[in-house]
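Look at the two complexes coming up: subunit A is in both, with subunit B in one and subunit C in the other.
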Partner chain A sequence: MAEGPLGDLPGFRPELGGNRFDPNNAIFVLDPIRDKEIPVNVRLKPTRGQFIVGGLAASAAVKFASINVIAAPKTLVVGLNVPQTGPYSDQGQDQLRAYRLAIAEINAKGGVMGMQIEESVGDDQTKAPVAVENARRMIERDGAVMITGGSSTGTAIAVSGLCQEKKTIFMATLTHGDETTDLNCHYHTFRRYNNAHMSAQALAKTLLAKYGTGRWFHITADYAWGHSVFDNLTSVVEPKGAKTIANVLMPLGTTDFSSALSQAQAAKPDVLVITEFGKDMVNALNQSAQFGLTKSAKILVPLADEYMAKGAGDNFDNVVTTAPFYYKYQSDKYPEAKRFVDAFVKKYNSPPSNGAECAYVDMYQWKGGIERAGSLDPKAFIEKMEGFHFTATKGPEYWRAWDHQGINTVMVLEGVPVAGRDDPFAFAKVLEVHDGDAVAIQQSTSKCKIEDS
Partner chain B sequence: MQGPAPLRGRPPFALPEDSTIDAILSQLPGQLLDGFVRGLVYVAIALGLTIVFGMLRLVNFAHGAFYAIGAYVGLVVAERYGLAAGLIVAPLAVALFAVVFDRVLLRFFYDKEPTAQILVTFGVALVVQESLRLYFGGTTRSFPIPAALSVPVNLGFTQYPAYRLAFAVGIVAIVLLVWLFIQYTSYGLIVRAGIRDRTMVQLLGGNVALASTIVFALGAGLAGLVGAAASPIYSVDPDTGFSFLVPSFVVVVIGGLGSFWGAVIGGLIVGELQSLTTLVLPAASDVVIYVAMALVLLVRPSGLLGESEVIRG
Partner chain C sequence: MKALRFYALTALGLALFPFAIHPIGGYGGLATQILIAGIASIGFNLLLGYAGLLSYGQAMFYGVGGYVALLTVSRFFPQFPNFWLAIALAVAFVTLMAFVIGTLVVRLYGIYFALLTLAFAQMFFFIVFKWRDLTQGDDGLQGIASPPLALGPWSIDLTTSFPAFDLGPFGNLSDLHYWYAFVAIVMLAVLGFMRSLVSSQFGEILTAIRENEERSALVGFDPRRYKLAAFVIAGTLAGLSGALRGLYETSIAPDALTVETSGNFVIYTVIGGVKTLFGPLVGTGLVMYLQNVISAKTDAWRLIEGILFVAVIVFLPGGVLGTFSRKGARTVLARAVRVRPESVP
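And then the complex of A and B:
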């Protein structure tokens, strides 16, 4: 019998579902000896002795409990912490759609260990302090047993720190800066999305073949993610002879890139690297076209998704980028990807972006981990996650034990013009698919020193 | 080669490899032009804000919402009937919205304390923002630049996008038109007098209420026009209004609350500051305008061209 999170109940049969503390939710099975239906998986009225012993045990458990859950939940609260406003809101909203699809599916099939998932949603506005306050509220007020979300490495690192302090699982979704599973890795945090190091390594061949080693001008988002991408890209192309002529760091949420772009234009670079994300990237790329830079230089956007490519329209033509998932590609190859994409399109009338795919899989990965652990105890969950191999929407992948980075494929994509797209989101053709292990940071060079608990 | 090391992480300066004074100077004309054009956007938005404050003594936090409504109306109309139609319909629609807003809600707050005005206009701004999100969704939208204006123009010292140049010329023309309206029409006279002494104008039989509504609609229409005209440059989303509202307040504070030319000068200063800061310390290009505002407030609390009696209200 599985050891439940709430203590043992003699005769508890998890396969029957039900909630063992809720008489209204009792499940009846036929008792062959007494030849009548009896309720199972629920404690009915305890005897006086059971009551006293149970009460004492419960007080002791409360006094010495180290886990979050001491009351009997009928539902499990998960915190969905994504930007619904601000520069990365397109990505945040799409992740939210995917979380809700996964939750609806899981609940319809009986929930997690018989408990229905309930959401607590926060808009992190792509601001680290807001993200942390949301997560704190979700954990302390709403009793969330898991926080998930992202869209920015800045918010992910901040929330990861809080979740470590609160000993709460954090499934970081769309965060691409190395730090989330490198310098700032934490025991309670898992990140499946590929990171900047993986993107840069995956891009190496294409960059040298298509972009050459000329003069590179960078426009970079000025926070952890942008810096991480810049460091990784330059360390790949500079040793081969590429010359970095400038790195203009723009504040997150910049709408007008004209002053950076007039500098770029005056510098006459061979390559213009736009390390911006979300709306910032759409503005930067569209404005680059207005400055004539999409014609005079080759454009590289190290990370993009379906919404950004849609917003940039024809300006995304020929632009090389990376992504961990592209609905057109994986749904042709993997039945689970096709099932997910079809369900998503059916529910929302638009295909999932790569961040949404990660959100969806993360929710199922958390459910799987909890069920394998048979417990809500984070430590038991983490032990079951570390080194866990699985196949979901993109072929075999696994969670690396020593830094909690998901190791899965990274794609190099090239944008196609709007006229060549089946739908406005079908933005690219796949140039290369890289095995995660081949491009990931290795333990010998990683700065991750994960905690023991 | 200079080597990659100094550029790593968070470089204090981000300049081309030959980053001598000469190199910076060679970039200067282009950056000054960019700052000027960028400043004109702020001028156009701040102008509406400042004349409304001057005339109505109203701190209008819904001004950004006017910009956003203009952007969306412009977008929807332009997608169907072309950009020119969008530029005509957007300011009219926003002005109409402003008149209704003024008559139905705002007039009850004319004589209330500023905090009540801020709360009501801020509330309307939030309602507008969320309504736009409800109707259009949160997704970023943009309108492509007309083909004829989509290429950069070679000005000798720099190449600059044709659309932005046309945009700049349009704003200069509008600023002049608004100035002519205020300076030379009889309504303008009431407006100017109202800015000086509202009660006296009423005692002399001037229809301040009507003039107030006209000024409010004019300021809103301006914001709507800029919103529609800017949608091919900046992408549009429901949060757009607030992202322009804040710098516009900075512009008005620097220039002087209620001052026409203060808004113009303040806008150009803010635009140039942002552009030039991007040349030497781009990471500070957002912060610099608040530093400038703090300095102006310390040295000249009423703003560069603000008159203290206007502030006293």
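And then the complex of A and C:
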């Protein structure tokens, strides 16, 4: 076997059966067209007949780098598709920081299977068409093997659809609406962030204990996520006797909430639920304070992060919310969380928001999946991800096989006043931590029918 | 002979276009999107450049065209998904819509015309935004695969790539999908149509109306009828563009009907050069290229985009093509496509 043209080549590994690209043993050949060196492995089943034919082909391949070889790039392109402008830009930019931290760390340690990660960045502006356009550019032009990002369920489900069509892995990061892994679940999409169902179930006890069953007034972001949160919350509290008196839907990117808030003021609710995110939530909450609603009603914000709490300042005092991660809490408990938070603070001088944590872990999860699969083939990757248990920044967690939802803890938090924060981001105290399995959507009620490929 | 040269050069240009932009960061998908949006811009140019009507409502035709096309596939005739039917229904609906709205708005001039078209566009935006049962509101219609293109005995899946053929720095032939070829043919037809339209009597009268409406009316041309015709043609082309965009992207969201989208068509046309046949297409290409390629390079892409717009409007008031042809520094392309003597703006 070691004789002949193939046996002499360092990259030829008959024991691999020729089915696998092995970057450690790749031969680097000059691609005359692109005028740069590319690593190749000879793909051959070393049976005798094929050996001869393939030997000729591979000799030609070494010369022309085009026939019967798998050419793999030295770098792997990943698409980072996050809002850098618009209402969710704080969250998007923080995710981008986390992605870049993870990529820098991974590259410094030798990359993914020996290949360096290269980023292709797009500003999705929290608009579905722009997000899809970006993802298309990343896949078609830059050859991205994985797309990640999203600070909105609207953009996430749109990109998820495209990635399914393109058979490209999509690691959806900050998307909280159920749809992403429920009605619009796709084979190529994974979402680790908690969803609205998990948040609502986790909140159930606190809602009744702290907010009671009175008259509830909702201000809801008018897109997939807002509707999802509203449905989940009302299905928890209405059976217990809470009365929903109104649900005012506001378009994404609303800056003036006075029309909704004057209705709320007139309705005199016991509870005001602000299902808004990013700068929208900050505006809505701060304007509620101007309307006197933070004093006359109990405020509930079903999902928040560090940037929102910072923007809302004292108005976030005593507000109950949920979050999948809170750097103060997890970094005291889990060494991996502490390492991440310290590295993030060191690099960027501010602690990571919960979206950033998810972005960071998603990048490592993708790397791990690729390495376990030993291949860039999406199917092999997905098979290695489904049902995979791991411990990262939040204790034990896993990827559920039938809907690709990450099952991990959900925290119920309560805001503290600015005077009680030891840094501007330390916005809350932890009331409860729920096990993911206990609050997640069950298969029997899920609308997810995932594709076979 | 002139017509033959026009079609040959245009076809050549369209064939080379996606490869020409490859070295500067363009790609097949972007080329396809530029041509699709270009159809609406070319239609809009008839309105702005020739009839002198600044419509701020092209997005309603564009967006509704997209929604009707995708709803035809997913809701109206799901058991009979047909590409041509989707396009035909979208175009027919938008044409009717443009006719009804046009009848109401062509009575008005200047800012009143612009505002009324804007008001109609906002009305359609809110209908689409609020009619959740049909349009799924802000989330839009997602993941509606385009039916194959039935062409006689053949059924062509437009998402198929061309065979691989390495073109060196110009990418690979397989970067392109059949979609591009289809859209390029549509573009060629639209350009040909527009070329003969503006050099016909209709185009001349439209220009005459723009320059002096009273005088045109006195010599016997009803300005409203001509303006309505221009409005309907522009609307129809916007609808065609929207339908193609929806089928190509397999999704559409209410963003397609926003003021921003209407404004984009104005910007595309003005940047490229009003009253030039290729100007709107060039403007569309330039702006979309910037949005797409620069935004991937830097967070400050909006700033760069803004500075460039200001620079073009201050230094090239006739638009990119318009300015070059006026200064006499005419490119082969501009000379080939000039359809009538320039009028002083």
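Criterion: the second predicted complex is superposed on the first by the 382 of 453 C-alpha atoms of A that agree within 3 Å, B and C clash if a C-alpha of one lies under 4 Å from a C-alpha of the other, contacts with A are read in each partner's own complex, and residues count from 1 in each chain.
Quick note on the criterion: a contact is a pair of C-beta atoms (placed from the backbone, for glycine too) under 8 Å apart; a residue touches a chain by one contact, two chains touch by 3 or more.
Because the structure is a prediction, the values reported are computed rather than measured.
For the composite obtained by overlaying on subunit A, subunit B and subunit C cannot both be accommodated without a clash.
Of the two partner chains, neither subunit B nor subunit C is touched by A:K205. Applying the stated contact rule after C-alpha superposition, one finds that A:K347 touches neither subunit B nor subunit C.
When subunit A is checked against subunit B and against subunit C, the one touching more of its residues turns out to be B. By the touch criterion defined above, A:K167 lies against neither subunit B nor subunit C after alignment on the C-alpha atoms of chain A. Of the two partner chains placed by superposition, A:K338 touches none, neither subunit B nor subunit C. After overlaying the two complexes on the shared chain, residue contacts for A:K74 are found with neither subunit B nor subunit C. Look at A:G154: by the touch rule set out above, it reaches subunit C but stays clear of subunit B.
Once the two complexes are overlaid on the shared chain, A:T244 sits against subunit B while remaining clear of subunit C. Using the contact criterion defined above for the overlaid structures, shared-chain residue A:R372 touches neither subunit B nor subunit C, since it reaches no partner. By the touch criterion defined above, A:K127 lies against subunit C but remains apart from subunit B after alignment on the C-alpha atoms of chain A. Across the options 145-153, 217-225 or 289-297, subunit B meets subunit C in a clash only at 289-297, per the superposition defined above. Touching of subunit A by both subunit B and subunit C, each in its own complex, is seen for residues 84-85, 93, 222, 251. Of all the residues in subunit B, the ones that touch subunit A in their complex are 1, 4, 7-11, 14-17, 26-27, 30-31, 33-35, 37-38, 41, 138-142, 144-145, 150-152, 158-161, 163-164, 233-235, 237-239, 243, 274-275, 278-279, 282-283, 285-286.
Put simply, subunit A touches subunit C in their complex at residues 33, 84-85, 93, 120-123, 127-130, 132-134, 136-137, 140-141, 154, 157-158, 161-162, 164-165, 184, 222-224, 251-252.
The part of subunit A that touches subunit B in the complex is made up of residues 84-86, 89-90, 93, 222, 227, 230-231, 234-235, 238, 243-251, 253-256, 258-260, 262-263, 265-267, 278-279, 282-283, 286-287, 289-292, 307, 311, 313. Against subunit A, the residues of subunit C that register as touching in their complex are 25-30, 33, 129, 137-140, 142-143, 145, 159, 166, 168, 175, 249-253, 255-256, 292, 295-296, 299, 301-302.
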